[in-house]
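For reference, the structures are reproduced in the following blocks.
In what comes next, chain A is part of two complexes: it sits with chain B in the first one and with chain C in the second one.
== the complex of A and B ==
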């Protein structure tokens, strides 16, 4: 297969041309609409901004479809595990059962219920499913997710001993600043010396803010450049 | 028996960390917490809001950050319910509505009536809804999370659009979150924004605080403890321990000190080894 170089221009097919025109139009449409407010009736709306918002709701439908594809793929993959009795097939059964049970319970009785006022679903059924959903959500899901997130604390603790070394001047300054912020953030530091809080506030307000501003501006410009390149399909032909 | 060495076996570190966290929590130790300016700014702003002002509370976090942000949301919601304010609860993350219900269950709602003084609108699925509700809530939220038509809710009749909000406070653990409110509510409509943030994101929000684009930041569970002390000092009926944050402060202090100790010991060991190698050369 021939490898394209940056100088070679690959001829686009008709379908690619149409797709690129749609991407270009919609991308720049949104960019322009942010700055220009014209009372131009588009898509049955009163102005460009309303038209842009209307298009955004279609995006929600597309994203929901992507969600559905994910669920279908997950089901296919794990159903295959069960059908072929792969070594982890029992975990696949648990995954599929819990996924569909939570989905059904959420639809029947939860803050996301399709019938929150129980006009169609019998009140008794609603109450049973709601108590099961509450137990699974608050006592199982919240606890498991919080536990997984808390594992980070153990990684940081062991990394603190092994990786946070003052190997050069720059890393020493970084390490010192990080330690001062960690100490200042701990309430007990106020009992040791109130100045730790002042130092922490200064580091957060000045060096940190300066660095974060640079990162924010740099990231924004990078995203802008990448987006424009994507919209105009530069380098050409890729 | 093999000699336990922290460098090769991190389990000693893990055991120490478990002990310094578990012992303070199990003994219910409480530590007074000095209040930072970023927390006080949020408290004072809410405390000085005129009566009947609309506050929008946005739950933009999921179950994994509940230990850090739920205490903030609980104590701030309690403060809002103690004041004569109107409150709308929304969420940019899918877990938001369920976490909203948990907060409302945990606090004392006093004489506030659902539909008149507060309402839960639910999940904001996209930016179009976030922008659109500043002009017309009913079009984008025809029903609330309880299935009530929003056109029948007195609070929506009083405030048909969120552009009339005196404050939006977002408890945020990522995107979508603060940036959406800054872009579409604060910059266009000058609606004051406050943030309750996880510790990892707080440094990134400091530029917005310093440029006064956000009126204050609640940083991690420590801010919840600070807020709780402030609230208890003004409203004695609010018990210390309502949010659960104050009992975590000793554990947070000891775990932070352990990490500082690990860094210092690790560096001392590094320099001793380096000097040994240089000498042997």
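== the complex of A and C ==
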């Protein structure tokens, strides 16, 4: 359904115009840096490339400030869960406690410690927090991460079951190709018939690669066009 | 000794250090190498995360020269650059890096995609016979490593022991060497051609030649393309144009309306990409539309983010949409939620949200990695409808299998144009299409010329 009409559009506000000018100027500046090599000092920072690097560092620093806002949002959302005794409030307590405890342990004693040589923090305190940090990181976080990652195996199986149903000509071709690749990939395939490996290689090298490249080239062209649109028009909220 | 290491933490980046020893057995770490942070070019990602994948270091007089590998974005193959230093600790990158680029797709040094700096596992540099030799180990798509060699002119970093005979601004050198097999995967057998632009000393009045260094063919092409885009956009804005339509995208508004009728929320996530990821930016443009429709239909929208900068922008978009529709009452602090920057913590958070909130429509559009299938499968268990979209070809099959409607590749970047009748917006789609036509013609011409053995176009447009 076509929905947004020209009547719904409004003129850009002053703030949006200023923002658009900044977006365009920065985009143009980085394009210039990419295409032009000017070995002359710029604003005492070395050449144009160095100036761009400096600017990028400042921008990254500014963006990193937003991290605090993310943490504040997370804290407020889960504190509200606890305050209002929502059904999941117990999980929110665990989340907040583990997040802040891990942050403190990391700052005191971890590879990211503010005092890695333990010059200010007493060695005993460092040792205690380091063992806590190690436990939380390796025994809890890494294990949970690995568990969630391994769930993929089951999700792939259920998704493949749905995708490999011969409902039409296209899905039948997909089913046949999928089966041949699975058989070709299995270690036993060579013993059944050596040709399975060859068929698998052919499917992966030609139809599969051709299809993927088609999508990639299309996406690359889409990104090019999208970037141009973003540079000349305030992206959203209009 | 120079060495490379990283913290024993998942996601930690490699850094390089110096250690000294008097007996070659007992070593003392003395310093960590530094390089200016941040970059807009070939090593953007490596510099952003402050990684230094050191290859080899050579010394001549009082200058140290290092080869190192870097990547442009999280999933791009690595390339090799050079840097110089007077103390061996603080390094300055060579301005026209990379000096060794990854090879043509499918080739022995093309990388397997998504392997990052592992593509070029190691390198070393030495100077001999009036040129530099960079030896490097590279990976082909099957993951097999091969050692290759590239030559570079001495004029990059002139050293006194040898005399550079190179004076032109661009040097093309080719070297082929064959060495007997040492093992199955370490064979020096390849031919590498490297084109290295050499910076000219700046002299007032010779600014034009300075501008000509490097990517002038590409810049010219870009200007022509942008001119074409602008002209076609102007032409199209005065005409009533119709878009061909993406099958199913019209259903998005119906689904949102149905969510309103059912009294259930709509869920949206832009994935795990950063604010610099094109897919994420395209997702934000689509969020603008989804949020507006939700606000107009009185539907509660829930947005989950993995990146804190994206979180800020999505909060702004959704808040504005509700404000514009006069439904600020629907915007609460639970509307836009920051979950976690960690991939699977984010996936777990999203899966929990889907299970608890039971949305009537899930919109998964943006940059997704392995978590795509997990959240889409979790969503499918409860949701009425799912709308997916990404340009990541590895995750697209999962969305195709689990979503009712999927935006494939380029469709993601043009979706906003298909949701409007406004001729101005449609004309902005038509204009860039002119650029695409130019790009497609160049790709076709390049493919034909290369097939016929002619390298003119590829040489002209090489980075």
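Some notes on this structure:
Throughout what follows, the second predicted complex is superposed on the first by the 203 of 238 C-alpha atoms of A that agree within 3 Å, B and C clash if a C-alpha of one lies under 4 Å from a C-alpha of the other, contacts with A are read in each partner's own complex, and residues count from 1 in each chain.
Following the convention adopted for this analysis, contacts are C-beta pairs under 8 Å (C-beta built on N, C-alpha and C of every residue); 3 or more make two chains touch, one makes a residue touch a chain.
None of these values were measured; they are calculated from a predicted model.
Placing chain B and chain C on a common chain A by superposition gives a clash between them.
Of the two partner chains, chain B is the only one that A:201 touches; chain C does not reach it. One of chain B and chain C touches more residues of chain A, and that partner is C. Of the two partner chains placed around the shared chain by superposition, chain B and chain C are both touched by A:149. Of the two partner chains, chain B is the only one touched by A:183; chain C is not.
By the touch criterion stated above, A:223 is placed in contact with chain C alone, chain B being left untouched.
Once the two complexes are laid over each other on the shared chain, residue contacts for A:157 go to chain B alone; chain C is not touched. In the overlay built on the shared chain, the residue A:69 is in contact with chain C alone; chain B does not reach it.
Within the superposed three-chain model, A:137 lies in touch with chain B and with chain C [touch as defined at top]. In the superposition on chain A, A:111 makes contact with both chain B and chain C. Of the two partner chains, neither chain B nor chain C is touched by A:169.
Within the three-chain superposition, the chain B stretch that clashes with chain C turns out to be 131-139, the only such case among 5-13, 131-139, 221-229 or 239-247. Looking at chain A, you'll find residues 53-54, 56-57, 59-60, 111-112, 137, 142, 145, 148-149, 156, 158, 160, 162, 209, 212-213, 215-216 touch chain B in one structure and chain C in the other. By the touch rule above, chain B contacts chain A in their complex via residues 6-7, 10, 13-14, 16-17, 21, 31-34, 36-37, 62-67, 97-98, 100-102, 122-123, 125-128, 131-132, 145-148, 199, 202-204, 206-207, 210, 220, 222, 225, 249-250, 252-260, 262-263, 265-267, 270. Within the complex, the chain C residues that touch chain A are 7-10, 12, 36-41, 47-48, 95-96, 105-106, 197, 199-202, 207, 210-211, 213-216, 218-219, 222, 226, 229, 250, 253-254, 275, 278, 281-282, 284-285, 287-289, 292-293, 305, 308-309, 311-312, 315-317, 320-321, 333-334, 336-339, 342, 344-345, 347-348, 352, 356, 370, 373-374, 376-377, 391, 393, 396-398, 400-402, 408-414, 419-425, 428-429, 431-433, 435-436, 439-440, 443. On chain A, the positions that touch chain C within their shared complex are 1-6, 9, 30-31, 33-40, 47, 49-50, 52-57, 59-60, 63, 66-67, 69-71, 73-74, 76-77, 80, 87-88, 111-112, 137, 142, 144-145, 148-149, 151-152, 155-156, 158-160, 162-163, 209, 212-213, 215-219, 221-230, 232-233, 235-237.
Of all the residues in chain A, the ones that touch chain B in their complex are 53-54, 56-57, 59-60, 110-112, 115-117, 137-138, 141-142, 145-146, 148-150, 153-154, 156-158, 160-162, 164-166, 175, 179, 182-183, 185-190, 194, 197, 201, 204-205, 208-209, 212-213, 215-216.
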